[in-house]
Amino acid sequence: MTLIDLANPTRFLALTTRVLPWLAGATVILLAIGLYQSAYAPDDYQQGATVKIMFIHVPNAWLSMFVWGVMSIASLGTLVWRHPLADVAAKAAAPIGASFTFLALLTGSLWGRPMWGTYWEWDARLTSVLILFLMYLGLMALWRAVDDPSRAARAAAVLTLVGAINLPIIKFSVDWWNTLHQPASVMRMGGSTLDKSFLIPLLVMAIGFTLLFVTLHLAAMRNEILRRRVRSLQMMQASRVAFSNEVGTGSHQENASTGAA
Amino acid sequence: MTALSALIRRDIRIALRVGGGALIGVLFFLTVVVLMPFAVGPDLALLSRLGPAILWLGALLASLLTLDRLFMADHEDGSLDLITMSRTPLELACAAKALAHWLAAGLPLIVATPVLGLLLNLDMVATSAVALTLLAGTPALTFTGMIGAGLAVTLHRGGLLMAVLVLPLSIPVLIFGVAASQAAIVGPMTFGAPFSILCALSLVSLVVGPFAAAASLRHGLD
Amino acid sequence: MSGLDQAKMQLSGRGVACVRGGREVFSGLDFHAASGEALSVVGRNGAGKTSLLRLIAGLLVPAGGTIVLDGGDAEMTLPEQCHYLGHRDALKPALSVEENLAFWADFLGGERSDAAASLEAVGLDHATHLPAAFLSAGQRRRLSLARLLTIRRRIWLLDEPTTALDVAGQDMFGGLMREHLARGGMIIAATHAPLGIDSRELRIGGAA
Amino acid sequence: MSLGPYASFIVTSYAAAALVVVILIGWIVLDYRNQTQRLRELDRSGVTRRSGLSAMDAP
């Protein structure tokens, strides 16, 4: 299986059909293990049981950035190699990435509530994720605004890459803005000090969620390829209608034109 | 009646399909509101004090900026000619189009308000007060903005010019909308007085808007 | 359609004048058309062919003179009895062929015939579920013609109706116009190209 | 396993994650059914793809 083979959507569809069940199975198993492990992970001495939200928040936060990375690579494929599958990959990833980003925000705010006393704090990290979420929504709006997928693909690719360059700048500015107003971030997220009893379930969950994304992404790409097929068939159907008229108009045209033929 | 409901259904359908702008208004609302804390700082106490004003400004801009194509699209593809010629009075057709626009673009703003209230640290009471005032006030914004949309067809120009024309007209709605929400949150006024004025403004614009829009459309056709 | 073959209709204009953008397009124009008759309006570019149609359709206000319809439906104004087919097709690309047609049928109301049959008559019966965005210019024109067939109105105001139509389409359209006239309809068409049916000529704006 | 005083927040997080993932899966499955059904309908009405070429090869 070379990259050239994958370039052909028909072959890609066949591959997807073969791979999807395995991927789905692996995702289910990994997530089940991850859930089991996170259920029996010990409580944190500071945060108590709320630390369990981390097992779901961190993988989603990781995916929110990972998916944008995937879309950026796909966008390069669109702009540089003009690869049709790249368009499909970028388009299919956007709603899934937006969903994960939404989950990261939601679980982040649920995690923050016991500590901050409010659901939302303009904390640097959460604020950056919120901006990322808005950019996902904008990207989806862009895909929806243009009817012709290949034209939309190029516009979306430019926006995705600009976003990829801009995101670190936004992150930096938000950090700076935040420290300007409040001395230290309230939420202290483990980092390197994370205990092994948390690290292993977290890793399993992260891999499980990443596999979930890959599965959903492949399935969504398959849908997108089929959608484009439907579209081009419909366009063929439209032009065929014009053709059949040439034959058809004569029938209800008895009085029209014997001379025109 | 079938004519008007057909028009409403068509406009909502177009707004929700590919290329339609129904949800872009909400996204704009969301973005404007999220931008505010970056300008005023993340102080939650300050944000909750400014909250109603921020939400109202966001909703005002979002509902007016999506309006400028209300009649323009129909004018460009010739639909407006047929609508003008039909048995349905142009005033009613305008009202139906504005109603469809409000359903597709205005209602989502109100649905999004609780989420944004959370971001601005508004409590339950404050959020529902703002949502209620928006529910009462956004029809006024749509029906006032419709006049500008009608003028945009006449002048062959939309966008900023329309916003400049219409924004002053929406000042009363903004004043009483924010006043009513503030009254519900901190007092000292009663909620009822500004809220009933807001409702009255909406009712007046419901009557004036369609007539003014229809008048400017009639003279704008050529 | 029994409603259509009733009274004889007479549409007449006396001394009609049109001013647009401060410029007098034409003035003192007299014209006359009866049911079962096609009037083709000819003249050079800018002579006011489109303006005349829009005056009859009530989309412009005449600067002088009167346009009167005798023998039409007394309860309806002149524009309400007219079909206006302008340069633009009044179609929404996001809606399907069927939805576009159904909307105009519902909105314009009045006496109507089967939409599916009209789509078949204009050769779009295979495309009913396709979005109008997929249609070519000629097919969009055919879809607007289906509107004229679905909603029964006695007066057709046609502005360059055959542009964008291919030869087969023009033949088809000729047949439809003949049918309309045979049922007692009236056609007023602004055109450069020959209409393909017998028509009286109304020349405006001097020599071509 | 006891979830402490903030049990509802933890349960809500997990439930919300499950719900969103289920909605995503449901959307993808429904979309797949829709597209395949439309393809079948088009196939029945006699429109077929030029063999060998993919729908996406056209620009």
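Note that the chains are named A, B, C and D in the order they appear, and that numbering of residues resets to 1 at the start of each chain.
Here is the rule we go by: a residue touches a chain if its C-beta (ideal position, glycine included) is under 8 Å from a C-beta of that chain, and two chains touch if they have at least 3 such contacts.
Treat the numbers as computed from the prediction; the structure is a model and nothing was measured.
If each chain is reduced to the average of its C-alpha atoms, the one that sits nearest the average of all protein C-alpha atoms is B. The chain pair sharing the most C-beta contacts is A-D.
Chain centres here are means of the Cα atoms, and by that rule the chain farthest away from subunit C is A.
Averaged C-alpha coordinates put the centre of subunit A at 50 Å from the centre of subunit C.
The mean-CA centres of subunit B and subunit C are about 37 angstrom from one another, to the nearest whole unit.
Distance between subunit A and subunit D, defined via averaged C-alpha coordinates, is recorded as 12 Å. Centroids built from CA atoms put subunit D at 34 Å from subunit B. In subunit A, the residues touching two or more other chains are 147, 234, 237, 240. Counting partner chains per residue, subunit D has residues 45 touching two or more of them.
Multi-chain contact residues, meaning those touching two or more other chains, occur in subunit C at positions 93, 126.
Checking each pair of chains for touch leaves A-B, A-C, A-D, B-C.
Only residues 1-7, 9-10, 12-14, 16-17, 20-21, 23-25, 27-28, 31-32, 35-36, 38-39, 42, 45, 47, 49, 54-59 of subunit D touch subunit A when the two sit together in their complex.
The residues of subunit A lying in touch with subunit C in their complex are 147, 234-235, 237-242, 244-246, 248-249, 252-253, 255-257, 260. Residue ranges of subunit C in contact with subunit B, taken from their complex: 20-21, 54, 57-60, 76, 79-80, 82, 84, 86-95, 99, 102-104, 106-110. Interface residues of subunit B, counted against subunit A in their complex, comprise 18-19, 21, 23-24, 27, 30-31, 34, 37-38, 41-44, 47, 118-119, 121.
Within the complex formed with subunit D, the subunit A residues making contact are 8-10, 39-40, 43, 48-50, 52-53, 56-57, 60, 84-85, 88, 95-96, 99, 102-103, 106-107, 110-111, 113-114, 150, 212, 216, 219-220, 222-223, 225-234, 236-237, 240.
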